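Each of the next two complexes has chain A plus one other chain: chain B in the first, chain C in the second.
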Partner chain A sequence: MDRMASNLLDGAIGFDDPTNPSPLIGRLLLVEDCVETSGAFVLHHLLKRAFSSPNSSNAVIFLAFSQSFVHYDRILRKLGCNLAAQRDNGRFVFFDMLTLGCSGEKTRSGKETDEGVLVGLYCKIQRAVDALIQENKKHVTIVIDDISLLEVAANGSSNLVLDFLHYCHTLLSEVGCSIIALDHEDVYMDIKRPLSLQLEYLADVLIKVGPLATGIAKDVHGQLTVLNKPVEGLQDKLRNRVQNFQFYIKENGTEFFYSGSRA
Partner chain B sequence: MAESICRALRDGALQGELAPTLTIKDNINSPFGFHAFSHVLTQLSSNILAGKSQSRGLVLLSFSRSPAYYVQLLKKRGLNVGSSAKWIQILDCYTDPLGWKQRFMEGENVSNVDQEVSNLSHLCTNVGDMDKLFSSIITLGKAGFVGEGTVRFCVAVDSVTNMLRHSSISALAGLLSSLRSNDSVSSTFWLVHEDLHEEKVIAALEYMSSIVATLEALTPPPYESRSNVDNSYLERRSTKGRFHVRIKRRNGRVRVISEDFNVELAGIKFTSISSEDAVINQVLIPKVQFNLQLSEKELNDRARVVLPFEHQGTGKPIQIYDGRRSLSESKDDNIPLMSNEKGNDDGWGKGEIVYFRDSDDEMPDSDEDPDDDLDI
Partner chain C sequence: MAATKPRTGSFSRNFSSAHSSKTPGYKHGPNGTTFISSGIPDLDKILCGGFPLGSLVLVMEDAEAPHHMLLLRNFMSQGLVHNQPLLYASPSRDPRGFLGTLPSPGASKDDKSRDNSSEQEKGLRIAWQYKKYFGDDQESTNAIDSKYEFCNDFDLRRPFDRHFFSGKHVECVSILDSSSLSNFRDRCATFLSQVPRNDGNISSAGRIAIQSLCAPQCDHSNMEWEMLSFLRYLKSMVRSSNAVAVVTFPPSLLSPSFSKRWQHMADTLLSVRAIPDEDKELAKLLTGYQDMVGLLNVHKVAQINTQVPKILEATTFSIKLQKRRYLVLECLNQAPIDVSSGSSYGSTGSCSGSSKTASLEF
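Moving on to the complex of A and B:
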């Protein structure tokens, strides 16, 4: 296998199990980050993971609320993965919500309600998933970057966001998709944060990204906590296990290591 | 006491009484409410199948899991789901709760659910309408298993939290209480995530239920501590917790019982509070040779003691010496407080400090100069 196989993060999610090459099928993975430490690198890592496996039945639907295609393409190219080529292959479906949300929707029916925007988006996802399944792409991953901006697109209605996510969740059980979502924890600090709590209930795997507890360090960029909920079909050693480790982000990848073990 | 819960739900309602109702609530630190819910669901289902329970069938409102998931779950526990008896009916509020799919996929076959599941489940595309929900529950129950007269069925709701997203608490309370009071409902139970709602919502739900089961974590949340210290401890304990049950009897008596639970691969397991903890509790109480606490009599006696320099206010107006009165007046004031010579007579009445002189050699306190006989 490639270099990524020995990665701590992959091990914590369950990618290192040879009997089950796609452990995320039917599961929702939530990445929670904060202002001090961005969790976007986890998305990039998982994105690369989806395309780097020799298994060509993987496909990704990407809902980009925060960055443009060019941004992701540049980063993934550094990691050794060509998104533009994957898009041409039909394995990468990119919804640029920065432009789509504002102009594309309104032209169709004149004026669109907040709900209408998300219903339309869900409909597009459902169609894309159906098309990918038709093309024998068995494992479709839906990536949402990020939930807070999805809430902005829903005009601040967290109920609408949850409804949208619920509909995406139905795809998990119906066609065996998986969902990877990024959420900013500290956006909801002051209010009793019902949205992010709801998301934590919904998630099967929770990855928290935060700054180093002991303060800023030169060779450690932050730390990760991975929690696997006890769902069936999961490796025994991962069931409801909490794993903590630290990371260091480089241009062409991320290093993961246990605290104190970095040379 | 997970068994006693299941027994109460199994035995159902008496004629003319409300159906027994169970609220299962959990929070994010111990999010295993669904495990407890499915435990109750399977126990009740096997009772129904064995004909031991008052109810002959079960209507399940699935909000958080798909009907196919439940069919799988019940099959895995060895329950006969596909039989022609049709003892379970699932009102599918999961697949398309708001009718979005219906709106866009007109005519298209959206789901690839197998025949067995679709026989049991009935799609609901507007979960916000409580009246419609109620009538479809009753219709499903009556058509499914209630043949003649007195046969009853159970109602289970797998997530009141999701219901509350689509309706107000008053509308929901209306639905739940009309379910409880319906003649053909034997018992109901539902799951709610405690920390997602305001206290009044949880209180409203608890008022409507005869049994409340709470799942609590034994340890603080694992991901709040941002260090590696004690990591192994958290890993070991995180599937365990405490299960508190509050049962309200018909006569108003309330009983509270606690149990430990552990979520295992095969499901949730309940055990009586472990002996390990009992041992810890015993050890924590220190063994000492003196009493740490006073008896009631001792407390009363202590309260009666008049402290010498405390103004007691015993009937007389309190006078504070201001330095301008004559000395004799202030002497009189001192007498009841400093009763050093005759105090042992009336000591029990009001509690005083008793002072015995050690010997006659010791002179009583006076203002005399003790050195005035010195011949210098």
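Moving on to the complex of A and C:
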């Protein structure tokens, strides 16, 4: 049906499967990137994808910890998608979280407040989801950009962040949302990394973004590894599907190609 | 990058004409960004224009050398020249004393002749058919520079006159004693409230320079999450105002994962490194090794309002002092192997050397 210029990334996530037009329903997609290569373009790509599909029952709740609305709006506009208009339509709910958890007096008072911050945030999300469902938006996507900053907002308590994510995860099964989250892989290098491991365990689709092993190149911006865990009950898809390819980011979209196959 | 290049080329003329109505010290960049100068002409060129307003610049220090101070000083001096409000914070007892070490703008006439002559030389050396591939961009930026003095050359040996910043808006903060960063954060907030972002016209741009934020002598140096939270707050505040914050930090004092978190926070990420005095192998590999005082690495270039990363021609530059006064950055001229495999190169060099002497003996 909506066979709009499918590319390797969409294929790997499963968008081009005719039997299941929205493969992300009830699933968590995790993007992991590193300092050298930002994975934000995957979020932009999926955001555009959510809004450009013909069925208008898609809606997005965006938790922006790292950038302002103007930034996303400009990028998405160049991709051919007007976020401001979508916001007015009620299909795009933007939470500006840039200053969440750093509001003046807090800092010293400790745990309860940090917890309060995330609990409050979850309540807001839940209300937003309920409102969207009321408006007959069947497929709600929650985008989190990014989780490491969510940790900073929670003052480093990874337990609180995990609780928050688990709560959000329950929304997946309850109302059939999907979650798209960005996280940085390299910030969990040295310590025992419960958060990143838990996240990877929770994730149904894991996309790792990294630089080329051979260093910087002008016409290849990096490489992607997509791990698509099988949907339960499908015997023929028991094995994880892992795909590797490279990408080149442009203002109006991203090119995906297998290594060495770029024309 | 390659795809966007012709486009920026065709628009560059418009930029310069639109620029003429603007106040000096600001330059319009792509995607609705506005640049201010880093105070080092070469660094502006490397970063494709300078530091975009609303960005957080992190500089990773060399723990044993003060090269980050060179960047900070020029950044601050440039702000003073353009009459921009400045907030300087450092872990020293008397941060205002640092202002006495700021370099003053050099004699501009002299610089221009230097620039022009080098430009002409380059022109002569380049075969004419290759000329169209570059030069165009450089010329236009040069034209803007010389006309509006977007960026000055600073004479590192001549300090700013004391009376010069008496009338200017300069705030100095010591972050040594502040037991928590909340006081300092409020200070930054009030400073940034003077330069709010209103669409279109830029009346003034603020500069925040913070030296060694996580220095061990500060009380807050062991509160890693609080520092991150401060950085995050600073970034979001800077985003919503016409300002650039340059923060230097010694990454070796942070745990590796926190160092990475800091690096993720940066819009523009640079690192400086001293080069050892007597590194014979490096001296063999690089031309002009004697004049170098250090190396500058560009890890990240700010991507504001765009998703396309800037791929630079080179990411490592040598820091040199021209005539012992002016800070210049140059690409490394090196043999087509990297420094890490330099030992093998050095050994083969000595091998051939020994064989030569052997042949002489015979």
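Quick note on the criterion: the second predicted complex is superposed on the first by the 237 of 263 C-alpha atoms of A that agree within 3 Å, B and C clash if a C-alpha of one lies under 4 Å from a C-alpha of the other, contacts with A are read in each partner's own complex, and residues count from 1 in each chain.
The rule is short, and it goes like this: a contact is a pair of C-beta atoms (placed from the backbone, for glycine too) under 8 Å apart; a residue touches a chain by one contact, two chains touch by 3 or more.
A quick note: this is a predicted structure, and the numbers were derived from the prediction, not measured.
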Clash-or-fit label for the pair chain B, chain C on chain A: fit
Is A:38 touching the first partner chain B, the second partner chain C, both, or neither of them? second
I want to verify one number. Taking the Cα centroids, what angle sits at chain A between chain B and chain C, in steps of 10 degrees? 100
Is A:99 touching anything from chain B or chain C once the two structures are fitted on A? First, second, both or neither. second
In the overlaid three-chain picture, which partner chain does A:56 touch, first (chain B) or second (chain C), both, or neither? neither
Give one of first, second, both or neither to describe whether A:74 is in contact with chain B, with chain C, with both, or with none. second
So, A:89: does it touch chain B (first), chain C (second), both, or neither? neither
Regarding the shared-chain residue A:188, is it in contact with chain B (first), chain C (second), both, or neither? second
Nearest-approach distance, in Å, of chain C Cα atoms to those of chain B in the combined model: 17
Residues of chain A contacting chain B in one complex and chain C in the other: none
Chain A - residues contacting chain C, complex: 35-38, 40-41, 44, 67-68, 70-71, 74-75, 78, 98-99, 101-102, 104, 107-108, 148-149, 152-153, 155-156, 184, 186-191, 216-219, 221, 249-251
Chain B contact footprint on chain A (complex, rising order): 119, 122-123, 126, 159, 162-163, 166-167, 170, 173-175, 194, 197-198, 200-201, 206, 208, 210, 213, 223, 225, 227, 229-230, 232, 236, 239-244, 258-259
Listed in rising order, the residues of chain B that touch chain A in the complex are 28, 31-32, 35, 65-66, 68-69, 94-98, 100-101, 103-105, 110-113, 161-162, 165, 193, 195-196, 222-223, 226-228, 231, 234-235, 238-239, 263, 265
Spell out the part of chain C that touches chain A in their complex, as residue ranges. 1-4, 31-32, 180, 182, 185-186, 224-226, 228-230, 232-233, 235-237, 239-240, 255-258, 260-261, 263-264, 269, 299-300, 303-309, 311-312, 315
